[in-house]
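We call the chains A, B and C, going by the order they appear; numbering starts again at 1 in every chain.
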């Protein structure tokens, strides 16, 4: 087996129209400025794509980058990033995904992949160290995601595949890699629009070695120790998966109930991770490599199935007032096979249920009833009946049928399962997140509710905190490792572990911006510099995060995004949760002004020229 | 929705404004009575009006008012504020107390006020015109030129009202207004 | 003036404008046999103290305000209207006063439908007759007003309810209710109102009654816009508000024009405000109409836009063209404060195409195929429309 020391820096540029490919070497400078993963994938599109193109047209591109840690055996590094222009939101979307494809692509000798153009007939790509083969996919067309992967994985190490939803251009179709997904923003539809059914990679042709083996091993050991010593990563997430959040959110009033009207529900414990672990006798089913082990599978109705993740349980369970884990698993299974984002599907169905209740929309859907949901999900995937409308997401539906106030979406992307009225910082984070109402841009609720380090109902310090979190998450996604490493790598450091809680709380509430500077985040840059051999400091690492965030914002602004889009749905701003007797409303405008200030945006939410220049982003498009 | 969060709102009073307007109306009413004895022009104007002339100038909806009319002998008299038991031939209503304030603090002249739709009248239009003319003359007597010029459309020229007549009239009107 | 073979014009709204005009409300209500109004408004108007001014103006009237419902948001939903209706009934109100922008007026109109028909179901009003007996309804425009307050339309949950009877009985324009706003916030509603008035008087079916209202509206806006933006004397602000209020009446009496249809569609697709889209498209739509139709842009337009001097100085045949130029001048002059091209708004090209496609069919007969896209393209680059019908 051949060896790659550090990273190959080679990207495959595939043109589906011409059925040709070329190799692109990432400049050393770009690697330093953007690290890899999401950062580099975004940069590659920034250099190549013109603003204003149709996301489902020939000009849209998909960029995949595996990051430099994948293949080295670093903890929780079994992930890769993909970026494209989303047909659901019309702006950039970036996803991180586990599964076998990343490893297979990387060990085929490629750091990433750019897919351009559009094929006339269905094809799938087969990637090995020599390049790309364009293979006929007529036989695969119409197959579900798992069957497709089975079919084409015979001579490859891993595959990315879309299901019928992607083929039919459902705007929130996703792409599967094993049981993991490039979930949000409709990357599956983009692949479908290019007649690209799947991408498989041979893998196991190269071995990836870090440049500084000794330093790498040291950092790896530290990281593993941190992960195994942390309550969240080695405790709740390892034992119960992300569904451990259900009980926490129910207690904190963050649970979406009945299309974001409740906040808490008496039956929520039935769908909690603890209960499911016992009921379904779960075992691990995770990304590889992974040290946290949050993914689980279990015996559901005699079938071995993947346990639904928290977002699925929240949006397709409590948010529809369905508290039967078996039913939720059924929905999850359909979405898995058809290749659809469960968050958006759940959010859209919740809209449809409420709109039906109010007489705005005709369907048989009803809150609290699982009847018909499976059929509607299938109809959505196949664009039949009411599925035709629902396949466009709740923003489109609410504009067509009315009910924009209860379409819980920001910038067209449906909100994840954390009600921001119980954590104001999360409200800001949803409003400003680059790809829409995304919970992975900054998990403010973690600090506000789970750890209790900040006052959840105050607007103070929230802007600096959200900025900091966005930076660090973007940087982590550019390495790339799992974002859950943020809990052990930050909380297990000496300062955080041994500082008295009241002091931490005081600092965080009054001057989060300053307090965050003392947090030790050196482990991530250590891992990166051990693999590449270049020095990367903590400040430089956070700067990469800021750079990626602002770059994505610049690209979005070129698509017309501005302050008008950084908002929350009417319901979250003007109505109150049933569980909140004090009726507290999110002071979004105040936080937004502050956020723009700390980010270096102007009042209209456009990055200032000075900010862009300071972050060394080359000027390419007018915003 | 909690209905109790949206309470009923009763309209507040504007007592001081009402008192001010009431005093002004009283003075004007008495002054008209006085002027009808003193001034020839006013006398003539009243003479042209019918014998049962009774004018009620008041502020809606419950504001102060004044009644000026002819008594059985055909003499012009200020008859207080209460229209009860009186046969009103000309009913002039100021639509609201703010309108009355604008008029009686001389920010708007009578003509401008009626142009601005602050007055509603039921009765004869010629009678109304006559009454407004009377009002103008009375104001000329009552107030110094600088204020009256705000309140009337045209301040009378020398040829129309000689200083002699004005000052003598003014003294007489004042004396008659404030003596009973 | 142009007289079509057949036309109708309807206006029910009385405009009461000027100093202390709010104080007339109790009198006006009583003259319509109403004594207990429900005030329907939004949080912003309450915060700015507008409701308090109304309550003070109510002083000495002896009447009671049923309640002040301040739950209206920018997007008017049926739930809001139902809440207001519940309150209306619980307090035994008999009339409605709306303070604020179009969303308040929309909610008030829908509320009027519900309480006048004694029902809870708004969806039953699929098509509205023109002879309903509705409660007395007074609109008080504020600086948020867009002109739709005085129109025949209400939009609830994205659904349109339209009837002549939905026009307010009275629009009370009081300078105290017109608070100072940012420059862009002053300009945009005015330009949108102007766009609608201009559109109405450049339709083939324009009638003399509506024309005179439209010209009044345009003139009020053109004369007062600059003054209201720079400083804003009471007179200019009041003039502007009157122009905007009149435009609603004009708009209700005109068929939908290609400009407002495009602006509406573009706003829905891009999330930009309707005001902004309408303002950007205004001169380009007019330019397109001038170049593609024979009689729609008449020379008379120059008079309200540019004033009597320029009107008289222009040759009769040139007046139409100069009118369009003058509109371009006005909109471009505002570039300091608002974007005047679609390019500045970063609207993606594919959205322009889909917008044009959506609007195209209804106007293809009138303006030829490809017209909608031509308007959008020229508005994108800020250039004049080139050529005629495709």
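Please note the rule applied: a contact is a pair of C-beta atoms (placed from the backbone, for glycine too) under 8 Å apart; a residue touches a chain by one contact, two chains touch by 3 or more.
The structure presented is a predicted model; accordingly, all values stated were derived computationally and were not measured.
When chain centres are defined as mean Cα coordinates, B lies farthest from subunit A.
The innermost chain, defined by the distance from its C-alpha mean to the mean of all protein C-alpha atoms, is C. Here the CA centre of subunit B is 42 Å from the CA centre of subunit C.
Averaging C-alpha coordinates per chain places the centre of subunit A 78 Å away from that of subunit B.
Counting partner chains per residue, subunit C shows two or more touched chains at residues 71. Contacts from subunit A toward subunit C in the complex involve residues 51-54, 57, 90, 358-360, 398-406, 557-561, 564-565, 570, 573-574, 622-623.
Residues of subunit B that touch subunit C in their complex: 1, 3, 6-14, 17-18, 60-63, 95-99, 102, 116-117.
On the subunit C side of its complex with subunit B, the touching residues are 16, 18-20, 23-24, 26-27, 30, 55-69, 71, 83, 86-87, 90-91. In the complex of the two chains, the subunit C residues touching subunit A come out as 71, 73-75, 77-79, 121, 123, 156-159, 268, 270-273, 345-351.
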